Amino acid sequence: MSDWKFMVRQLVKNPLSLAGIIILFIFAFIAIFAPLIAPPPEGHLDNYMIPRDGYSATPKLPSEEHIFGTTEGQYDIFYGVIWGTRSAFHVGLLVIGIVLVVGIVLGSLAGYFGGVIDEIIMRITDVFLAFPALILAMAIVAALGPSLKSVMIALCVVSWPSYARLIRGDILQVREEDYIEASRGIGASNFRVVMRHALPNSIYPTLVMASLDIGAVVLAAAALSFLGLGAPEGYADWGQLTSFARNWIVGPSGDPFRYWFAVTIPGLFILFFVLAWNLLGDAFRDILDPRLARR
Amino acid sequence: MENIITIRDLTVRFYTYEGVVHAIDGLNLDIRQGETLGIVGETGSGKTMTALAILRLIPYPGRIESGSIAFFDRDLHSEIELLKLSEDKMRSIRGNKISMVFQEPGAALNPVYTIGDQISEVFLLHQRRELGKRAKEQVDRSLRDGDGFAAGMKRPFWRWQRRLYDKIAQESNLFEPRFLSHVPFFRRLLWRLKDESNLLTVDMLKDVEIPDAARVAIHYPHELSGGMKQRAVIAMALACSPELLIADEPTTSLDVTIQAQMLELFRRIKVEKGASVLFITHNLGVASEVCDRVAVMYAGSLCEVASVEELFLNPSHPYTKALLDAVPMPGKQLQTIPGQLADPLNPPTGCRFHPRCPSAKPVCQQEKAKLKEINKDHMVACHLF
Amino acid sequence: MELRSYIIRRLFLLIPVLFGVTIFIFGITMLFSPIERAALYVTSSRQMLNIPLIIETYGLDQPFWVQYGNWMSQVFSGNLGWSKVVGMPVWDAIWSFLPATLELAIFTTPIIIFTGIFLGSRAAAHKDRPLDHGTRVMAIFGWSLPTFWLGLLLLMVFYGYFTGLLPPHRLGIPMDMVVNSAEFTRYTHINTIDAILNLNGAVLLDALRHLILPVITLSVTQVAFIMRLMRSSMLESLGKGYILTARAKGLSERVVVNKHARRNALIPVITVSGYVFAGMMNGVVITETIFTFKGIGWWAWQSAIRLDIASVLGFALFNSVLFVLVNLVVDILYTRVDPRVRLGGTVQ
């Protein structure tokens, strides 16, 4: 227990990780209170579709009505980034959740039983790891049809192999310990041994690092949405919003930064979200590093 | 006869996250010319730190707070204060006049370079002038004996080399050779230096009784057994015929049989090289085999120092007596020293040993005892005397 | 002998992996209708008109294994299908777009490697000092930056604000005409190399100008990663016993760090370079898309958007083979650098 307290203390002391925690809290706040911060207009059907204020192709500058301006096609940017926070958490948590479950199951099987099962599972992970992730995701999304759901499926498919390997490694480290042998000796079923003894003693660091990969997942989803392979047009998704800005990065001559908000604002949201997770991740990595343990 | 090392009032402290550790506290020690002095003590007694302090290699977060370490340099015929030396001059002493052998030979050798390379490194660093001279002689021989077409082509290069080696032999740090040694293509001109150093390396390996030295030199550390690795490390330390060799538990990580061979090697070195040796160990038996005098340390201070025979016949400090008693002997009941090692963060006041000492007196808690000579060449720091 | 048998062994192990890869890729195509899948077997635009015939010839309504067999024999005879996006066979498309991506890779890879390694060692050598903290923050930022956003921002500033200073595409229009003219011989289709071979300075400069922004965009993320890895690897190396020995030998700190510590620290970095390559491939798609730099990344994106599955699958297949080969090269490099892996056994 004191280990956790020490960890939390270290996290708060470090200015970088403290910043990460604060940023995350802000984002969580935004996500939870999205309906209050950016209320959907009357009779709006799908809260995740951004309300449009006309159909003109030229983005409008920030004004009282549209705090962050509008995109090409008159989608309100403010609404988009606020509800986009919800999408981001949704995508990140869901993908990492699924990937962890699959990874734990397959990784434990491979690590605990070894032998043929291990070989098969390892070869399968090799196959998946033979692809650069984005490209495989692209292929899957192209096959399934562009949508946020396809993106999530694709990201799950692409990410589970690394976690299966990590967890397999964790189990391997612990497998030869005496208490595993002992619990088997008193007749515990394999399932019980793994669930109650092997896993709890080895996976916490991996779990922690996995949850901090939420940032990376959201980044990948944003990239796919930006490329047009993810959320449909007008959906409240940061990557999707950024793709609108492609044609407007250069304003009329004499005022080149005129449409800065279209590019910068959604991008900043992505940046800070991912940054927060990475700051935490970096700090955690330092804490979990046995060599840097208290001197 | 001068001492080769005179340590006075040395204090080394470590500033850690949890507090200040007093690694060495007011140490006074002499190492005499040509002798093998052993330092005996438990872990944390400060023996390794003493060695590192002499070479000024105390790692962060440690610092040498105060004191003096005087080194008598044979070539200069004078004493130098090591703690006041510039880093440059200190580096010319390390590996050259004072060198060190570490406990774990496997950890001490760099896994990605061959044994020969690592030993040659010492020659190339400290004996460059000598190497330059020999290389020059090599080229001279080629210039003299070489004939035929191929030789004719190479002559201008040989003459260039000769000029370079001549410069190195005079003063190893001149601009031209130093500059060229960094330029990729022209570096090759200086190949004879490496060649000569390789010859010296193989000689050195033979000296430490490594069989088939030439072949071993081109192998990597992980391909050698523990005993061979340690011999290689010793070869590296002895390469430049140092005046002082510091050996930090050199036999602790080796098999007992190899240990015996290693001690034999140390005895031979003592006789042949005439170097002074500082031999650090926690094993009294080993100390009795190799050392002329033995110093006993506890918690950063010196307890007792005497010649080997005197110490074993007449142990005076209670700690020394307890150590000797604790050596397991068949038929005798196992004796231990009661209590716990002094907490490095919070050492006992006064004499560090007093909480565990059977003969402790009230004054022991208040002040540390000073070293007193109780017998010929036998000093003890204890209030009993 | 050691090395050769190692390579052969590894190439053998490759086969089941490639097998699995192709099954998986092909499995994805099963999600498409037979009509769309027909594009996989087509080699000219004329054939596209005869889809029912193709469906029958290749048995596109047959069970999975039959189709897989057919497709594999196709692939082995070099036919990856028809890319409707660019109107040429997939195989040709790959080779026609590859030079542009290679050009990017040629410039990006050394930058990533040298910058990352250099900054990482410096950070380790100045641990806990301003330089270390600075590079750490830089690395975390770099690692969190959405590549596409960075590209857009760079364009906004250097193309928009400094009008036309560093433009997108591979070449400006005038130079493009020069490159396609009769006087200019395209040996490699890599503009910078061709410009040098043709002794044409103007084309060279223009090509370089167009390369600057894409290269920066592509490298930022990878440099951040390598920098952090190098730093922790150096710190681990500097804590080892042989460093103390090296210092005790009297070597200068510079030699200790550069010669003894760094060589050991590079080992994990090399191990990881396969993943860096993968990261680069990911980045290539986005970067080429943003800068309309017509390489295979751009082609893949066009194909994905327009649901041109033949192209997408061809690209995926090409990529996985490439990736597997790169990993093999990395493994071999690793054995060169770390003698413990190369050889083994003790000399008594």
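So that you can tell them apart, the chains are marked A, B and C in the order they are listed, and the count of residues begins at 1 in each.
FYI, a residue touches a chain if its C-beta (ideal position, glycine included) is under 8 Å from a C-beta of that chain, and two chains touch if they have at least 3 such contacts.
Worth saying up front: this structure is predicted, and the values here are computed from it rather than measured.
Asker: With contacts counted as defined, which of the two, B-C or A-C, has more C-beta pairs across the interface?
Answerer: Pair with the higher count of C-beta contacts: A-C.
Asker: Averaging the CA atoms per chain, pick out the one whose centre lands closest to the mean of every protein CA shown.
Answerer: Centroid comparison flags C as closest.
Asker: Chain A to chain B: how many Å between their CA centres?
Answerer: It comes to 54 Å between the two C-alpha centres.
Asker: Report the inter-centroid distance (CA atoms only) between chain B and chain C in whole Å.
Answerer: Centre-to-centre distance between chain B and chain C: 50 Å.
Asker: Go ahead and note the Å separation of the Cα centroids belonging to chain A and chain C.
Answerer: 24
Asker: Mind pulling up the chain C residues that touch chain A in the complex?
Answerer: 16-18, 20-21, 24-25, 28-29, 31-32, 136-137, 140-141, 143-149, 152-153, 155-156, 159-161, 163, 236, 239, 278-279, 281-282, 285-286, 289-290, 300-301, 303-305, 307, 309, 312-313, 315-316, 319-320, 323-324
Asker: Spell out the residues on chain A that touch chain C in their complex, using ranges where they run on.
Answerer: 16, 123-124, 126-128, 130-136, 138-144, 215, 219, 222-223, 226-229, 239, 242, 245-246, 249-251, 253, 256-257, 260, 263-264, 267, 270-271, 274-275, 277-279, 282, 291
Asker: Could you list, by residue number, the parts of chain B that touch chain C in their complex?
Answerer: 55, 57, 59, 91-96, 99-100, 102, 104, 107-113, 121-122, 125-126, 215-216, 219-220, 222-225, 228, 233, 236
Asker: Within their complex, state which residues of chain C touch chain B.
Answerer: Interface residues on chain C, with respect to chain B: 240-242, 244-252, 260, 263-264, 267, 337-340, 343-348.
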